[in-house]
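Both of the next two complexes hold subunit A, though its partner changes from subunit B to subunit C.
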Partner chain A sequence: MQLSRRQFFKVAAGGLTGSSLVAMGFSPTAALAEVRSFKLARSTETRNTCPYCSVGCGIIMYSLGDRAKNAHAEIIHIEGDPDHPVNRGTLCPKGAGLLDFVHSKNRLRYPEVREPGSKEWKRVGWDEAFDRIAKLMKEDRDANFVAKNADGTTVNRWLTTGFLAASASSNEAGYITHKVVRNLGMLAFDNQARV
Partner chain B sequence: MTNHWSDIKNADVVLIMGGNAAEAHPCGFKWVTEAKATNKARLVVVDPRFTRSAALADLYAPIRTGTDIAFLGGVIHYLISTNKVHLDYIKSYTDMSYLVKDEFAFEDGFFSGYDAEKRKYDKSGWDYQLGDDGFVKTDPTLENPRCVWNLMKAHFSRYTPEVVENICGTPKDKFLQVAEMLGSTHTPNRVMTILYALGWTQHSVGSQIIRTAAMVQLLLGNIGRAGGGVNALRGHSNIQGLTDLGLLSNLLPGYMTLPGEKETDYAQYIAKRAPKPMRPGQLSYWQNYGKFHVSLMKAWYGAAATRENNWAFDYLPKLDKSYDVLQVFELMHQGKMNGYVAQGFNPLNSFPNKAKVGAALAKLKFLVIIDPLATETSEFWQNHGEFNDVDPAKIATTVFRLPSTCFAEEDGAIINSGRWLQWHWKGAEPPGEAKTDPEIMAGIFLRLREMYKKDGGAFPDPILNLTWAYKVPSEPSPEELAKEYNGKTFADQLDPKDPTKVIKKAGELLDGFAQLKDDGSTACGCWIFSGAWTEKGNMMARRDNADPWHNGQTLGWAFAWPANRRILYNRAAADPAGKPWDARRKQVWWDAAQGKWVGSDVPDFKIDSAPEDGMGPFIMNPEGVARFFARGMMNEGPFPEHYEPFETPIGVNPMHPKNPKATSNPAARVFKGDMEAFGTAKEFPYAATTYRLTEHFHYWTKHVESNAIIQPEQFVEIGEALAKEKGIAAGDRVKVSSNRGYIKAVAVVTKRIQPLKVDGKTVHHVGIPLHWGFKGVAKNGFITNTLTPFVGDGNTQTPEFKSFLVNVEKA
Partner chain C sequence: MALQSLDIAKRSATTTEPPQARKTLEVAKLIDVSKCIGCKACQVACMQWNDLRDEVGTCAGTYDNPRDMTDQSWTVMRYAEVETDRGLEWLIRKDGCMHCEDPGCLKACPAPGAIIKYTNGIVDFHQENCIGCGYCIAGCPFNVPRISKKDSKAYKCTLCSDRVAVGLEPACVKVCPTGCISFGSKADMQDLAEERVTELKERGFTNAGLYDPAGVGGTHVMYVLNHADQPTLYSGLPANPTIAPTVTLWKSIAKPLAMAGIAAAALGGLFHYVMKGPNEVSKEVEAEVEKELEAEK
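Coming up: the complex of A and B.
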């Protein structure tokens, strides 16, 4: 941003003089940029895809921070991607509200457990959650795994635990989910496409 | 979609039926308005409600919910009887001349082979006559009474405009206007696209409705054409990908299928899925099944999958029956399940008969929820008053709730309805301690594997041998996983045409599925995605939106499966001699000088098969052509037939009034107790249907402030006539009940729903948006699926959410 010296003094004249600002290491250009620029101009743009319906509209997410290790990236604006051949920059009322989805107060933040008969959630650590879930799964699998059916045919299936997979998770998440779930011998396995 | 979103602009006629793209897929619907604006396209909408899609239509026809087969059957009858068919297309590209076995018959609502006790057909008679040479017998003169064409003509001759009016409630003149508009595309220079969604799938005859639509499009010669096709507008952003990846009870990635328990022989398992051509000179591409399957097993089990152990065939679980979600919740309700994991899925809201689903969950020992949001399912045990009236003290299920990232916080690809794999990038850190789905799956799996390694247990072999060579085992990266489903080679691969040339060096990523082998030298996690991440890089991340042919193909944008092909069956866009049917819509054609197929799209064909070789365009079918006659592939018959919804407002199937067993789908599975939970029109006189609104997405956006503000409170839509009859004014609170429960909501009294005259009775519809629940930032409401019946489509078991019976009264 280029500004004239006179404009700079006008902006800076709020109790401080221009010369003292310069003495403190602020050049007119940098100092004025602080005052005048939109937040968007300092944000990082990231291309993404709307996670709602199956049109797959391209979106651009604007986040504060420059991806530096210690800069906490926070998304401040989401809009349609004008380069996208399907939505060409447009979004519907659902897609236009995506920012509020990212920041919904109902986003889950920590692993929790609800014990039998309890009325409430209890926060737990990831290790405890993973350990307990894996233990429950193994107990059930070991107790109920069907290696052979009544005819003596090898069937290697586990029917007493089931898995419902997502509908907006990525292919990569879906692929590894299938790999793990089928590997355990589960058949009670579906995704949202079933309904 | 056989086609894709931007391709809609190429259409001359757009039929929206069983969907409401303007509200449910607004930015995709823009291509309909584009077609209207730039291509003089006409939009036809057939729907029980005058939707926002209907508001922009050139022609709107009302229809009673659940009667689409009668309507489309009427269209088939109209097209055949007025000769509005693309004869050159169907002669060469369909099974119309194939001869059908003499055993096949249709009588009084049943096809041959029905077992009323088991509610199942013996389908052995539903097939072609075979000649001594093993190929299907045909009669190109179409004179043989057993040819598909004559059987089909006879079958649909019953669907006259009068029958359509009587069953569907569509006034005859409206129906005929629609039929005529659709029929106008039977010429080679006019094309129609059909757009549908869950309004077709969520019926007990859903698959057959879609088949009827496909038959209409074949008759008109609209499959494989730009601006044509049968286009499923999928409901979620990556439901296409999750389906392609086979996350369904009976599937493996890439539409391969799990073995049944009777399939004990590996060679037979493969042979059954790799059918030999049924006509001379056909490709029957599934003959490559073995290559896809072995490559999958190599991706999953690496060195542990060997020729000697049939590529770890025993590691795969064997099916004894279907384990679709209705079956699974039935088993859970019977107390036969102990554990359940719901990843990004809210079954308490999403499955029919909420009371049954909640009671089933309460019988589990443990439930694991993986989700970015606090779903109703995660709190099925908590009392939320009238919305979820349960006693936590009596529910002994241990529930874990694990926070996962959302789209904005991860890299990866999702697939839109047009089969485009589009890569996206992470823009922010997730809230709190949320993890990505792959990290969560790894967290659980690595612990399980550790325990099996240390303590042993039931059949540990697959668990111990699963490939897991990720750089950080607890965090498999999207890049690593994408490369794994793309596939790679373990050995140098030689050029089949010149074995002195190495086309792929050992360890390299594959260019596509044509390079897969069944000798264990290649690995590929999902064959149809092969080509998505090659040695040239991430093809899904491509962003060249150039459209040099002005037909919306944009081959340089992202990656479309299969093989970056944008329109499926596009060989059928050219005539049998290989010339485009329509010079205005040039897609692929035969270039004799080059000796190959060329064009604006990637040809869906054997690239060097000359037209005179006579290979058909439907290369995935062993016939090489498309089927009007579905053989034994559908459970309720080779031809679609109208059956009433399981809850029918007229109580009878007017096609078969004397056979009460043929009132509703005779081959649909109904569990004990659920049949009894169906209501009748006596108590519940109104036809109800559920749907989405423009302002909300499923059960997610009630957690989103801006959407909660623009559409805050649960409502139902009723027509003015019914409102008057019941003394209900706009804004009154009403109670809507089915035989399974009730909801209360605000009444919206509207002209958009008109009463229909059906089989001599007046049928009113009640429209029920589905977006509310007891968690969210919108005003809490009732779960709509409290009302819906626990019965599914006869083939897919997709629940009949779109047609059921309710009563309405002032609350």
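Coming up: the complex of A and C.
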């Protein structure tokens, strides 16, 4: 293509005018918009039960990563499990706010013990906690177990220790808990069945 | 269509027409206030899904907490104790964006692409295009948008457009433990409302009805009210919401007139240049004037 000096100036001036108009905002904008990307697209879903009350709503916890070895999971969202017969996806305000409960600074994350006479809570390991509880339970049971009452009837009672079970137990977990507790002869037994 | 998962019906301050050949399902959320127990699970679920955390508020003598919508609280339960012919009634209403068919916020918005109405009925704010002028608040008949103090941009309920775009229900709908909030096609929600209104009428709420105000072309968040004849009982729900006349006057009359004026001025200038040309002094006149000046000397 042949351009004379004059034509070249014309083309350059035309181009400059056009691009300046666009830069100054005179170009019509396309009607485009996109919604916020779906934040759970490839997160890992884990089924669980809400820890609050005895209704025991099913929840789904969505965590970061796909369980790859080097990916460190972190719960990013929690909502109701639509397949759970109890709540069918719904939750109460406490259950709906579980994410902040999981990440709360005040959450108890490990066993602690407050020794008799002490004001301080001391962190202990799980093995230590289990051994200690088992040892104390056995000591108390050996000392206070009532095999027969005054009339000589066999009663097999252990009245000096009680057991408080969790609220959101399934039928099966409740059955096993009951078996363990009653087999030991314990009578004071309840579960936290309310909010 | 590239770059979008929902088709666009309207875009603020944009004159180019969006593609219109496809027809998508018109959705709606139905809030049956007669089933609401005021538990606020919807408020919590909204904050969880949208990654919002409001400040801990103070008690003002009612259960309203927070007391008003904020940039962090896009939905708020409003509790009203009112005396009706049935005695003292506790009317609880989940307040938030109504997703109008004819959104006043979008009409008032001067920032291109800051407010979008999708073809499914959702009205969404795009904060990256928001200039924080607050005109959407003036344009809204329900007083919904709130400007954030952090970034001076307007925020409100999105009807969980990110969830709806992938085929899910909004977070508040999913969480509601009494089934007070439902989500589906607008036609289905109208049918559901009709069934419920019949039930309520049988139970003695003779004025029960659906709130889907025609003044804003209908809404995509509708209420079943047990006193539909007096919506204002429900913490001031407007009886006949319309876009403010100032916004209509400005956007529908004054703005097109001004645009026509600017165009006429530009066109007039062009015609004047073509017909009359530049105002030049001819050589003869110049020479004459110079002669006169010399003669005066």
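As a convention for this text, the second predicted complex is superposed on the first by the 114 of 195 C-alpha atoms of A that agree within 3 Å, B and C clash if a C-alpha of one lies under 4 Å from a C-alpha of the other, contacts with A are read in each partner's own complex, and residues count from 1 in each chain.
Rule of thumb we're sticking to: contacts are C-beta pairs under 8 Å (C-beta built on N, C-alpha and C of every residue); 3 or more make two chains touch, one makes a residue touch a chain.
Computed from a predicted structure; not experimentally measured.
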item: Which partner, subunit B or subunit C, touches more subunit A residues; value: B
item: Partner chain in contact with A:Asp190 - subunit B first, subunit C second, else both or neither; value: first
item: Which superposed partner A:Lys69 touches (first subunit B, second subunit C, both, neither); value: neither
item: Touching partner for A:Leu91 - first (subunit B), second (subunit C), both, neither; value: both
item: Touching partner for A:Phe38 - first (subunit B), second (subunit C), both, neither; value: second
item: Subunit C-contacting residues of subunit A that also contact subunit B; value: 78, 80, 87, 90-93, 95-97, 99-100
item: Footprint of subunit B on subunit A - complex, ascending; value: 44, 46-58, 61, 63, 72-75, 78, 80, 83-87, 90-102, 104-119, 121, 126, 129-138, 140-142, 144-145, 147, 149, 153-195
item: For the subunit A and subunit C complex, residues of the former touching the latter; value: 28-39, 41, 77-80, 82, 87, 89-93, 95-97, 99-100
item: Subunit A-touching residues of subunit C, taken from the complex the two chains share; value: 3-6, 8, 11, 14-19, 39-41, 43-45, 47-49, 53, 112-113, 116, 124, 126, 158, 161-163, 165-166, 171, 174-177, 179
